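Look at the two complexes coming up: chain A is in both, with chain B in one and chain C in the other.
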Partner chain A sequence: MTERLRRIDILLIAGAFLLLLPLLKFQRATDYIIFCVFVLSFDLIYGYMGRLSFGHMLFLGAGAYGATLFADRVSPNPFLSLLFAIAAAAAVGALLGPVAVRATGAAFALINLAFNQVGHFLVLIAFARFTGGEDGMAAVFSKVGFLDFQDKRVLFGFCLACLLLTCWGMKRLTTSPFGILLRMIKENETRVKFLGYDTFRYKWAAYTLSAGVAGFSGALSILNYGYVTPSFIDTNRNVEVIFASLIGGAGSIYGSLVGGVVFMAISNYLPTYIPRWEMFLGFGLLLLVFRFRTGIWGALSALEVFRPRREGEGG
Partner chain B sequence: MITTVIYGFTIGGILYIISIGLSLTFGSMRIVNFAHALVYTTGAYFLVVALRTLGLGFLPAAAVATAAVLPIAAGIERFVIRRLYGESLDYAIIATYAVLLIGVDLIKWAFGATPIPLSDPIGKDVDLFGISFPLYRLLIVALAISIHGGLYLFFKRTIVGKIVVAGLEDKDAVRSLGIDVDRYFAIVFLVGSGLAALGGVLYAPITSVHPYMGFQVLLISFAVVIVGGMGSLHGTFLASFALGMVIAITGRYWGPAAETMVYAVMAVVLVFKPLDV
Partner chain C sequence: MSEPLLTVDAVDAAYGSASVLHQVSLRVDSGEMVFIAGRNGAGKTTLLKTIAGFMVPAAGAVRLEGRDLRGIRPENVARLGVRYVFQDKRVFSKLTVRENLELAAHPSGERMPDVVARMVSIYPAMEKFLDSKAGGLSGGQRQILLIGRALTGNPKILLVDEPTEGLAAGVIDDIFRLLSEMKGRLSMLIVEQNLPVAARLADRVYVMKEGKIFQELATRAEIEAPGALERNL
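== the complex of A and B ==
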């Protein structure tokens, strides 16, 4: 079930996010977009590779702290900060990958959770001198040419472009032989090994890549908010991205986008009406697991009307 | 230094009592049970209720609290975990995590988020090697060792235990003998949950009772299970005390790093002993 992402779809995605603008402030809308990038990075290892991580916030945090520290210590250029953050998060992923990807199922989830916990400890306590500990720290970025990211409209446009780029990259990746291999690993890793592929290398690469993209989203958040706190690497927030991925539909670019937007909308509006937010999240997850596994996008694409017609296959 | 070692043994004892249930459910049902943390927290809160509201002494209160958790554990097993047998592990992880979120929120609703301190139920010290220790801590270590002995005999001597051991080894073979393995695994689940509740009850007087106490302990318990080997009785026992000692010794030199050190040890173990679940 290769997903189709045509050129027109990029326009559709961009249009859909522009529709958010009348409803939200620029900064909020940018937040939605950034969260979608994060969900996409999570989906690469969960939806496509079939490994549930309970520690993806680690990479978001690595990117966020990487960008802030770079802006603070080296250069206030936002683009260099972004690049550094991606590199930092990918490096963390590449370093931890060999330990993490050898595990499957439950162990994979837990190992990531443990790594995340260590990361949280490092920024909160061990390196509090550099990271500001509990209080976090601010990042100031300079103007580059005509791009001033202090202007929330410019930042919105830039983040939207980043999201489209990520979508395009994910599409290229997941339809490439590499992406097909990842999905094969999800279905039956033993058989992939039997075919002569060194699955460890592919899993490691995917893990590193996903870490880099997650770091990218973390760095974008810093551009949007201008400060970093340990909540960017908080272990307890991992459930958010899992929820988003499930509600949208795992293993699909559209699913991730829908999930990201829906989750952000729920978490924006619901807590003002329902005080018991964690309980809602819990019941929501149970409902998703027991009744609604394919998520919103899965349910939509199962409807006959929306099913894309495929050439030569007869629907 | 001796204080630290004794302290390490106490933590190890508590960790064993909590982790063994996790290890057995992991080994038997192949399910990572996040709800284990809920059972543990609930045990501690029921202890508070039994002590303060019902006005019981510590021993009856501990017994009541542990027993009161069992129906909850049975409910979780019946309505969540049993429905996920043989399905993708991920769903079991997510579903039990959801149960944990709901339960913790319920606890916050009922009791508030403020930590509740409890005093040492015995309050006596004993002299050992010229240093005095709370008797309570020593009793915990003794209890953990006797529980280990009891579980060992249970799996070695009783027919239920033997069925479970055989089921861990080869589930299908046991089932082909006409034995409903899942029912016996459910018993193991209940025993493990009861022990987790007991762990919460025992640990409550040492730390304070708060809604998120389960989250921290759960992660460390998972580390114990991974280091000790899933479903392995002796492995869990040794790993509990080893990691308890790691916590105590790290805590002596740098308090905040104590728990993080556990994960570092786990990572090192994983590098040399990759696991396949």
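== the complex of A and C ==
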């Protein structure tokens, strides 16, 4: 993407999602937006920090259940529920982070899967009295001033604003010294340590932050659907965010958005025409892994027209 | 006699069951430029890694200004002022030269303008590459960037592993001009197989063989004696 386009990217993203409206109903378009927030949260630890997690649904679930329980037991104010959900998911991330971030590769992926499985068990069986078990529970939110989230147009606008805020925050974060450090931990953690960095603390912070953003997306889902079930924390659904990240291109905000939208489009439309659509998604993924490893956005960025020009590059 | 800046005292180190260093002892005084010479596999890089905290000695001690570094993690050894310049000249290739410097400046607390100014002062040609990806630099430029990066935060000692390996003759001159300009102001422990250069600049040379210090050449007369280094390799 050229520098000029990069400066107005938040506007372009807003415009692109508004263009979805003639094609989708408000609730479905909102669903696309919320999923993109989730993909962005995943990309922070996968694309930027280089740790593939098979358990990111845990944090989406923590946010979803956190928002629902808060609305049910404390206050129906949607903003307070959102804040509580973010804090709850981040707290889960902060608690599990010291164990998870010490691992790399397959160990990191499987530790997260194990945590996710425990979380799923807790909401489904152990705390079923509070969470509604398999049936889940409904969440009812009150109006706040003129904002009524029962109105799907209002909710669409709010979620779009939340996505833009997340994109802006992620952009600031990933271009900050902290973001640079995360990318370098992915490239070579040992060398980063030799520069005097305690990489554990940075990985833990990124993990917690990623969990908080995932919880945010979970809470937005509850605003959109009005109920929570164990499917919000189901380990089997981790492949969705991994696929989306790979399809769009990991380590890029734009790639996450492209991946989120393309995956949602595939998973919404393909089943209408093809009963075993997952098989074709699998073939698509194979094609990506072998032919387009940088995803759709990576392939587009490699085109000359999108490449930023810098004087003195190379040498 | 005052305490040396760095003391390696009867250190043993091993990769699993394979013993690599045997009772290695050396010292580097403040402002000294000390070379380690030896054939491939003599244990030179392992010694630097042990000093930098990347490997824990099986026996013996590594001390910086009298403080035992044993068990201190590499990032904390770096914070104490020990900087390691790797052999393979790998910079953070996806970052710009400026970002590479910024990454080093942040934990040291040194201001970026000062870090950039020092980099440009030691190698003026780097100024035009500051906003270019470090992956696009030549091997020699990368090595100079690594040395410049290691100098952030006023380190006490540089551990430099084969700085001239694989570089063209002109670039080797640049690198040793740079190192010789720092001589006396900064302590350096340099692994180097380029014996004429080592003989020209060294305050002291340790020759390693099969994981042991085989010989110490502690005076300029010993180092400059014809064939003193070559004979013992």
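We take it that the second predicted complex is superposed on the first by the 301 of 315 C-alpha atoms of A that agree within 3 Å, B and C clash if a C-alpha of one lies under 4 Å from a C-alpha of the other, contacts with A are read in each partner's own complex, and residues count from 1 in each chain.
The rule is short, and it goes like this: a contact is a pair of C-beta atoms (placed from the backbone, for glycine too) under 8 Å apart; a residue touches a chain by one contact, two chains touch by 3 or more.
Being a predicted model, the structure only gives us computed values, none of them experimental.
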item	value
Which of chain B and chain C A:I125 touches, first, second, both or neither	first
Partner chain(s) touched by A:F54 [first = chain B, second = chain C, both, neither]	first
Chain B versus chain C as contact partner of A:T190, first or second or both or neither	second
Chain A: partner with more touched residues, chain B or chain C	B
A:Q117 touches, of chain B and chain C: first, second, both or neither?	first
Touching partner for A:D198 - first (chain B), second (chain C), both, neither	second
Partner chain in contact with A:A109 - chain B first, chain C second, else both or neither	first
Chain B versus chain C as contact partner of A:E278, first or second or both or neither	first
Contact set on chain C toward chain A in their complex	52, 54, 73-76, 78-79, 83-84, 86, 90, 92-95, 99, 102-104, 106-108, 128-129, 131-133, 136-138, 141, 149, 153
Chain A residues within the chain B interface of the complex	46, 52, 54, 99, 102-107, 109-111, 113-115, 117-118, 121-122, 125-126, 236, 239, 242, 246, 276-279, 281-286, 288-290, 293
Of chain A, residues touching chain C in the complex	177, 180-181, 183-184, 187-188, 190-199, 310, 312-315
For the chain B and chain A complex, residues of the former touching the latter	26, 30-32, 80, 83-84, 89-91, 93-95, 97-102, 104-106, 108-109, 215, 219, 222-223, 226, 256-257, 259-260, 263-264, 266-267, 270-271, 274-277
